[in-house]
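Notes follow the structure.
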Amino acid sequence: MTLGRIRLLVVVLCIIALEIVCRTGLIDSYTLIPPSKMAVALFHLLRDGSLTPEIVATLGAVLIAIVGAVIFGILGAVILHALPRLRRAIDPVLSIYYSIPMFVFYPLFIALFGLTDTPKVLLGFLLAVVTMIASTLNGLDRVPKVMRKTARVFRLSKWSTVREVILPSAAPHIFNGVKLAIAQAFVGVLGAEFILSTGGLGYQIFYAFHDFDNNKMYAIVLLVLIIVSIVNTILLGWERRLRQRRGLA
Amino acid sequence: MNIIGNFNTIDGAARPSMWKQHQRSFDLLMIAAAFVVLWQVFFQIGGSVALASPWQATRTAIAMLGSADFWGDIRTTFSAFGFSVVIEAVLGILLGAILGLRRLTGDVVEPMIAGLYSIPKLMFFPMITLFFGIGISSEVAFGVLHGIIPIILFTMSAVRNIKPVYLKSARTMGLSTTQTLFSIALPAAIPEIFTGLRIGISGALIGVILCEMFGSSKGVGFRLMNAVANNVVTDISAITLILIVFAAVLSGVLMKLDERLHHRI
Amino acid sequence: MLTNLDNSASASTHPAIVRLNDVSQVFPSRGGAPAVHAMGPITLDLRQGEFFSIVGPSGCGKSTFLEVLAGLATPTGGEVLMDGKRVQGSIPDGVGVVFQEDASFPWLTVWKNITFGLKRNGVDPKIAAERAERALALTGLTAFRDSYPAQLSGGMRQRVCIARTLVMEPRLILLDEPFAALDQQTRLLMGDEVLNLWRATGATVVLITHALDEAAMLSDRVGVMSARPGRFIEIIETGWSRERDSRIASSDKFGTLTAHLWSLLREESIRASQYAKAKS
């Protein structure tokens, strides 16, 4: 049995175990409902279309946050890489960044921008951008010197060198950064919606939670898990092909 | 000739000159100053309805740190934090070590654990709160949830990277798995384990505060959301400042320790 | 010290494509470590169309020499003139370099790798395609045009780099130990290939190698470099005909030549290792 199949088996067994534990009342239904009930509730919610605007709201916010994080992340990394002293100065900030509860800024953003979509996109962006910078910097560091020399032999301009040689060379690391950044953007947007918001899937979970509507709440939690899994699987698939082409797999 | 700070040691190896070390501290100060300046700029733009100025926030923070009331909240947050760290450290290291020693189980489980880590942990908040009830227990559980996975993964990796010859010696000496664990595996693996611990400790802090922010009636996170509800801008800024400074200092200290541990080997 | 060693008759019949006048390279002191006099002073005329090899002990400055020659590095002393114009800061037109490390772009197919320089220098697409096809044929890569470098062996990847350099039709081709990572058989075959390419293109070739037999077999002239700071102890005229290939390895002259190179190099290698020991 390959490792992949063993894992699948483990996951299936866990779901079955959860199902049994819930149905036999070991965990009461006020705490957790059986996975089958979650799936059914989700199916109904999706079918009547009430979740669609919320899905769009959350995914839309994540998308904007990610696009911003990738652009600013790559740009930031290229600049930092070119200015070593600035990089050394900022390095401590980048290192401790993820140990700071970024969510504490959320109230500040609401105070600055009001209860619009901006605070949660901003939070998603802030959480995603630093991992993007770190991964890109790592990739830039690992570009073999011979690549830069080759670009000079071909007499490429500085900007062309970055665009056509250095960034493609660092692409696997940049892609890894995008993967991590997407995960962070989801955390930021969903968390923000949960703390304080007017829309999106995170808000729906919060609302159902405080309404004691376990069916709806767990259904949406399941939906989020499914969405995140699908996104991850797609990204992993791309990454595998990219790495295979480069002989890295 | 650069006389000012160039050490030419006997073996010719390069050491960071005094000028470089001073330069580093200077740069750090400049960055800190830049943040304060940026803050002040945002204050000018946003006005005092949005946030407090650096000066005001600091004054309010100091006043808060002087009030017994606030210390009650600090105690709540801190005890939740403390319990989280202890539980996740013990559980995490134990699990990580076991998974590291048992090859197959470890290989199967590792990507699953890593995958679990990328799920927004918020998704587990309802389950945890429903199970543990609102209060310090869920805070501890949420903190453990945030921090335990890095500890497990790093400990696993650390144990696996122990030179096999150590483990073979243990077997020929007739040590049981438990004895191997405590007298050989763990001591050799400490630097890498500590890196996992460092990330886990910061994670626990985030988890505890998040839990208080999401829904609680005590603790620093709760105080923050309370200030938001009552729209007390100075308090919001002050508590944010306190939390950030604490997290930054904690992280900085842990990182320095991490460096020291890694240099010892 | 050692100035122009070029006293042979052919110096006057073949024009110089590159002149190095008193070129030296000193790397400044950094972080407490003393300055490093890496190379020179060297004065040398490279003749147009010749095949010039450089051998020398490790760390003697061979690669530094090549970088200065190509314009990748500016010498701290002296000047490099190509076609009479000073080489400074940028790579002059018509120079191609094949490096020791694999420089093929892993994100492009072999075809895209080879046409990389052509596209960016505005060469007409039809002409570019023709040149690329010819380069593919010359390097034996026609069947692999749509493969990615990761799917090729080390030797084939170097051929991609050579092809990519060739399509630019450089007048000066610099090769920095390009076969160092290859096994002996592949090296011999690649040597023959390089000779073919050299004859087909009529370019001037400078080859840096640590393999004495390779230098002896391929070159019109072999420059033996001293231990650091690198200077030419001797420049040997091989006198091979232009139509040579690896079969000259069985001639007596080849044996004598290689032995002579080795005796020169042996002294320098000993000196280089003593220098290294003194430092540590």
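Chains: A, B and C, in written order; residue numbering restarts at 1 for each.
Here is the rule we go by: contacts are C-beta pairs under 8 Å (C-beta built on N, C-alpha and C of every residue); 3 or more make two chains touch, one makes a residue touch a chain.
This one's a predicted model, so the numbers in the text were calculated from it and none came from an experiment.
Each chain gets a centre from the mean of its Cα atoms; the one farthest from the centre of chain B is C.
The central chain of the assembly on a C-alpha centroid basis is A. The centroid of the Cα atoms in chain A and the matching centroid in chain C are 49 Å apart. Centre-to-centre separation of chain A and chain B, using mean CA positions: 20 Å.
The distance from the centre of chain B to the centre of chain C, each centre being the mean of the chain's C-alpha atoms, comes to 53 Å. Contact residues of chain B toward chain A in the complex are 24, 27-28, 30-31, 42, 46, 49-51, 107-109, 111-112, 115, 118-123, 125-127, 129-131, 199, 202-203, 205-206, 209-210, 213-214, 224-225, 227-228, 233, 236-237, 239-240, 243-244, 247-248, 250-252, 255.
Across the complex, chain A is touched by residues 70, 72, 90-91, 93, 95-97, 99-103, 105-107, 116-117, 120-121, 148-151, 165, 168 of chain C. If you check the complex, the residues on chain A that touch chain B are 3, 6-7, 10-11, 27, 30-32, 85, 88-90, 92-93, 95-96, 98-101, 103-105, 107-108, 110-112, 183, 186-187, 190-191, 194-196, 202, 205, 209, 214, 217-218, 221, 224-225, 228, 232. Chain A meets chain C in the complex at residues 144-147, 149-150, 152-156, 160, 164-165, 168-169, 171, 245-248.
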